Every structure is written in structure tokens, then in C-alpha cells.
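Same chain, two partners: chain A is paired with chain B first, then with chain C.
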Partner chain A sequence: MPTWGCLGLQDSASPLMEQLTYFHDHTMFILILITTLVGYILINSTLNSLINRFLLENQEIEIIWTVLPAIILIFIAMPSLRLLYLLDETNNSSITIKTIGHQWYWSYEYSDFLDVEFDSFMAPYSIDSNLRLLDVDNRIPIPLNTQIRLIISAADVIHSWTIPSLGVKADAIPGRLNQVSFLVNRPGLFYGQCSEICGANHSFMPILIESISVDSFLNWVSSNP
Partner chain B sequence: MALNPMYRRALALTIQQVSRQQTAAASTVSKIGNRDVVGFGMNGTPSYIDRVDFPMPAIRFKENTPDIQALREKEKEDWKKLTLEEKKALYRASFCQTFAEMKAPTGEWKSVLGITLILSSLGIWIYMWMKMYVYDDLPESFKPEHQEAQLKRMIGLGANPVQGISSKWDYAKGDWK
Partner chain C sequence: LPHVLSNTAPSSLHHYHLSLHLAGGCAPSTLTAALTAAKATTMTIAKPVMRGLLASQIKRNIIIACGLSIVAATSWKLLVQDPRKRIYAEFYKNYDAQAEFDRIRNLGLFTSCKPDGEVEE
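Our next item is the complex of A and B:
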């Protein structure tokens, strides 16, 4: 979950999010390199007293400052494309969960073995529950280290289901089923918030995944009518 | 012949050009007055510009007077015979500013900085007014006790244990690392 003054990405809870974080760091490194170089050139050009009145058409430097950015872009594009295809790989998911966005709550269905359905509303704030706009009344239990298939849709207007620390986001569109696949590799609570404007309480329909051991998950499913 | 109209047209255009140039020359003289044209200058037009990177303007700065003409004749002999005042007069006849005057700092930065700071402080006054009269109060969760409770819960949950907040907490010791 985000903490105060959180400038960067949240710590990842999923191998794909780990890869996304690494890619972000790699690209940020390149961007800082470019910014430093350009900043140095700017300052140097401004503060020196050299004048060239006849500067026209220098072919060598034009070639250099076309080829060099192209090479830098290749260094960015290669990991980017690798990650793009990695995110789209087919997985053999062990369990399928459905989530439907409503105005203004999410409902979840676990219909693989027993029919478990519940709604998840935002919990009102108090110092005891103490995470304003993030806590919910019914969390989504997810078994650890299990490939999950999540099918997302909506009942009324477009919503968007997301958990930043898992690197998952997909629009919930009425009349359409969107599928995402993820795996949670550490236990804990992972928070998200609706990410598509859906009306007055768009900011007040959070998502909360509770990642638990497989045993605990099976206990929960069987004990929930 | 079919070419004859073309020749006549070419001739007419040439005559037009020449008359335009003569008119231009005449109006140039009337624009710069009695000043000599002494070179190409910045762009070939007979204009006076004080620029460090174009040190030789196209025309002299002041119009020729008999005094200056006399000095110019004296300038053709030994320069040691010229007094300092005469050298200065010759310079100022041909140029408006010296290089030192051209490069001298203008102090414009003081006005720019001053006006920027005045406008920024006006912005800050406006923000303070907005905070006092327009914005709602912050929610209860911003109070320090509430934030402490939230922090305690985050650490209890092990939120961001890799590089974030929980990685700074020593769970064995029950205190920050």
C-alpha cells in the first residue's frame, strides 16, 4: 500500500510487478542520464562566451545526435517489448474469480467449487479501522503462490479494477468480460482503488486483497455459504 | 517574331529594377543623412548597430562636420601627434558605444528578480486567503494520533517490506532499525 510521501512504485507482491519495477528503474536511469547530459550542455552553452556567426548545416553532429538517441531508444525498447509479451503470456490458472463493479461497490464471485458471492463496500473511517478510503468490509481472500484468473465486468457504468502492488489494472465495462492473471507471492493485504470515473462515489469504492495460505483459503471457501 | 514581346518585357523589367535601385539609393541617402557608408556591416544594409559580434557597423555614427573632416585629415599622419581628446572625438564620430559600454551589465536582473518575487508573494497571499476562507478542514485522519495509529497498522501488516516502510522496522526488537 502507499505510504506518506510515496514517490515511487509500491513494493511488488507479484513476479510480474517485480519485472515492471525493474523496467521502470532501468528506464529512469536512462532518463536521468539524458537529462543530466542535456542540462550540462544547456548550462555550458549559456554561460560560455563563444560566438559563431556562421553556424549552418553541420552534417557530422547531425548524424551523431540522430544515431545516439536511436541507440538509446533501442536500449529502452528491448526490455519493454520483452515485458510486454511476458505480461500477455497464457497461464494455467488454478482458480477463477469474478468481480463486478457497481455504483459504488465491488462484488466478487468464487464459483469454482462452491458458490461464494459477496459485496465489498468501503468501510467508514474510524481510528480503529484507520485507513481512510482504503479499508473494506469484506476482503478478497486469495491463496498464496497460486495463479489466479480474474474476470472483470461491470453492472452499470465503466469502473476499473486495480491493485498497484500486483501490477494489475483492467477496466470493468458493462457487457464485456476482461481477464487478468496474477500471482501473489507474499502474504498480506494489498490495496487498490477504482480507477475509472463512475459517479459521485468513485473515490469511495476501494479494493482489498488478502493473501493467505492455501489451507486458510480452502477453510474460508468451505465455511462461506 | 514570337520572341519580340519577350525581349520587350525583359527590357521593361530591367528598366523598372534600375529605377527602383536608384530610388532606393536616393531614399537611403535621405535615411542616413550625411553619414559615410564604411563597410558591409551586419547584413549589408546601411544601418548602425552596436554589437560585440559585429564590431564594424556599415555606417559612421555621426554625420560629417568640418571639424571631423579636419581631424580625419590629421588622422592620416602620425597618430602620436593626436591628443587623447582628438582620439576620443574621432572614435565617437564613428561609433556610439565603446566595447566596455556595450558589455556593461544592465542590472536588469534586479528588476526581473524583484518583480518575480513580488508576484510570487502575491500568489502566497492569495493561497493563504484560500486556506483561511475557501478550503474545507482536513479530514480527521490527518491528525498526528490518527497517523500514528495508521503507521502502527502498516507496520503490523508488513506493508512494503522490501524497500519501504516495513523494511525499516526491526520486528525482533520492536523498534526502528
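Our next item is the complex of A and C:
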């Protein structure tokens, strides 16, 4: 989850989110280059008292400011496409979890095992025990370092399931199954919030993942029929 | 003054004009001294640049803008981008996920598993 003063992306807990963070840094490098160049020229043009009376059809500058942006875009597109295809790679997931969005809570089904199902509502705020608008009554346990397949749908209106620190977001659309795949490489608690406007309590249906060891996960599954 | 004019040769007329200007056209003694100086040494000032001002300004400003943008982008790379990769690499180099999981579990932060010593309900 973000902490106070957090302006950028959250610390990643998954290899794909790490790559997304590095790509963001790479793109920011190019943006700073362009913004500084254009900003300085803009300020200079504003403060300049000289004008070019013969400024018409300057072919050289037209070629420069067409070709240069094209080259810059290629430098952005190459890592972007690499990451795009990396995110879409199929991998043999060990576990499949289904999540269904409702107004205004999420329900989860672990059908691989003993048909574990539960609903996850936002926990009412209590000043000394939980995080406002982020805590839930039933968390989602996920085994560490295990490829997870998540199938997302909705029962009523469109919702969106997301965990920013894992780099996962997918719409939950009624009548449709969306699939995402992720791996958590750190233990801990990872928070998300519904990301598609879905009514009055859209801001009050958070998501909370507990990343635990495989043994603990199997214990939990067997103790929650 | 007419006396001075008739005594000056045409080739040194511009020196006379310059001398007049220098003397301010005041006292005859100053004027005489200035004329003498003008005849003794050749004084000219550099012709001021009258054309191509915008072009030279643009060239200078584009060089400065390119330099500034390279400095800014390189600062981002050296101060943010590369350190972030290094920090992640160092974090995961000797990372023990199981030990970290046990530490968090024993703090009582998980609901799906209890700390050591606590009995499952």
C-alpha cells in the first residue's frame, strides 16, 4: 500500500511489476529530456524581442521536428512492446481463484481444492486497529512464489479488480470471464481498491491479499471447507 | 574653425570628424590636441553586427537547451533510475522469503495463519 508522501508507483511485489516500474523510469527519462528542451525554448521564445520576417516553408526544421519525435517514439515503443508481450505470456498456473464483483463487495472461490468460498466486505473503520477504506473482513490468502491464475467476473455491474503493487488490473464484467496471471515474491499484505465506478459504495469495496507460505496456505485451505 | 578646415587634407577628413566628436567641439586647445592624436594614430571602432541576430541567438539557445535537457535526463538516470535497479537487486540478492514470512506471522499480522505458540481455533 502507499505510505505518506508516496508520489510514484508502489514498491513491487511481483517480477512483472518490477519490469513495469523500470519501464516507467525509462519513459520518464525521455519525458524529462523532451520537457526540458521544449520548456527552455518556450521561455526563450516568449522573452525574445527579435522576429524572423522571412519565416516561411523552412524545410530543414520541418524534417528535423518530424524525424526526431519518430526516433524518440521508437525508443519508447521497443521496451513497451517487450513488456506487453511479457505480460501476456501463458504460464502453467498452480492455482486458479475466481473472483466475482458485486455491489458492493467481492466474493472469492477456490475451486481447485475443497470448494472454499467466501465474501469480502470492507471492514468498518476502527481508529486503533485497521486502515480506513482498505481493510476487509475476509482476506485472500495466496501462496508465495506460486503462479496464480485469477478469473474475474461480476454479478451486476462492471467492477475492476486490482492490486497496484502486483501490477494487476482487470475489469470484472457481467457475463464475461477475464483472466490475469501473477506471482507474488514477497510475503505480506497487499491492498487494492475497486477501479471501475459501480455505484454509491464504489470506494468502499477494497481488496486485500495475504501472501503466505505454501504450507500455511495448504493448512488454511484444509481448515476452511 | 575655417582656418583648421582649409589646412586638413581630404584623406584625413574622417579623422577630423572623429576628433571633433572626441573633443566635443569645445575648447580650441582640446580640439588641437585631438587632431594631433588623430593624425598620429589610426582609430577605428569595430563595425557592430547588424544582421543574423536571431539566427545566432537561436543557434546559441538550441545548444544551451540541448545541454540542459541532457543534464536533466542524465540526473534522473543517475539519481533515480539506476539506484532503484540497484536497490531492488540488493534487496532480492539475499532475500529469505520464509524468514520474512515467519517474522510477519509472529507479529500477528496475518489472519490465515497464527503466530508460533498460538493455537488455531
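The rule we apply is simple: the second predicted complex is superposed on the first by the 224 of 225 C-alpha atoms of A that agree within 3 Å, B and C clash if a C-alpha of one lies under 4 Å from a C-alpha of the other, contacts with A are read in each partner's own complex, and residues count from 1 in each chain.
Rule of thumb we're sticking to: contacts are C-beta pairs under 8 Å (C-beta built on N, C-alpha and C of every residue); 3 or more make two chains touch, one makes a residue touch a chain.
All of these numbers come straight from a predicted model, not from anything done at the bench.
Peer 1: Please tell me which partner, chain B or chain C, touches more residues of chain A.
Peer 2: C
Peer 1: Once the structures are superposed on A, label A:T3 by its partner contacts, choosing first (chain B), second (chain C), both or neither.
Peer 2: first
Peer 1: Can A:G188 be said to touch chain B (first), chain C (second), both, or neither?
Peer 2: After superposition on chain A, A:G188 lies in contact with both partners, chain B and chain C.
Peer 1: After superposition on the shared chain, which partner residues are touched by A:I51: those of chain B (first), chain C (second), both, or neither?
Peer 2: both
Peer 1: Just checking: does A:N130 make contact with chain B only, chain C only, both, or neither of them? Give me first, second, both or neither.
Peer 2: Touch status of A:N130: first partner only.
Peer 1: For A:T36, is the partner it touches chain B (first), chain C (second), both, or none of the two (neither)?
Peer 2: The answer is second: A:T36 touches chain C but not chain B.
Peer 1: For A:I63, is the partner it touches chain B (first), chain C (second), both, or none of the two (neither)?
Peer 2: In the superposition, A:I63 contacts neither chain B nor chain C.
Peer 1: Which residues would you name on chain A as touching chain B in one complex and chain C in the other?
Peer 2: Shared contact residues on chain A: 12, 51, 186, 188-189.
Peer 1: State the interface residues of chain A toward chain B in the complex, per the touch definition above.
Peer 2: Of all residues in chain A, those touching chain B are 1, 3-4, 6, 10-12, 51, 53, 125, 127, 130-132, 186, 188-189.
Peer 1: Residues of chain C touching chain A in their complex?
Peer 2: Residues of chain C touching chain A: 53-54, 57, 61-62, 64-66, 68-70, 72-73, 76-77, 80-81, 84-85, 88, 92, 95, 97-98, 100-101, 104-105, 109-113, 120.
Peer 1: Which residues of chain B touch chain A once you look at their complex with the stated criterion?
Peer 2: It is residues 52-54, 139-141, 145-147, 149-150, 153-154, 157-165 of chain B that touch chain A.
Peer 1: Please output the residues of chain A touching chain C within their complex, sorted ascending.
Peer 2: For chain A paired with chain C, touching residues are 12, 18, 21-22, 25-26, 28-30, 32-34, 36-37, 40-41, 44, 48, 50-52, 139, 141, 144-145, 185-189, 210-213, 216-217, 219-220, 223.
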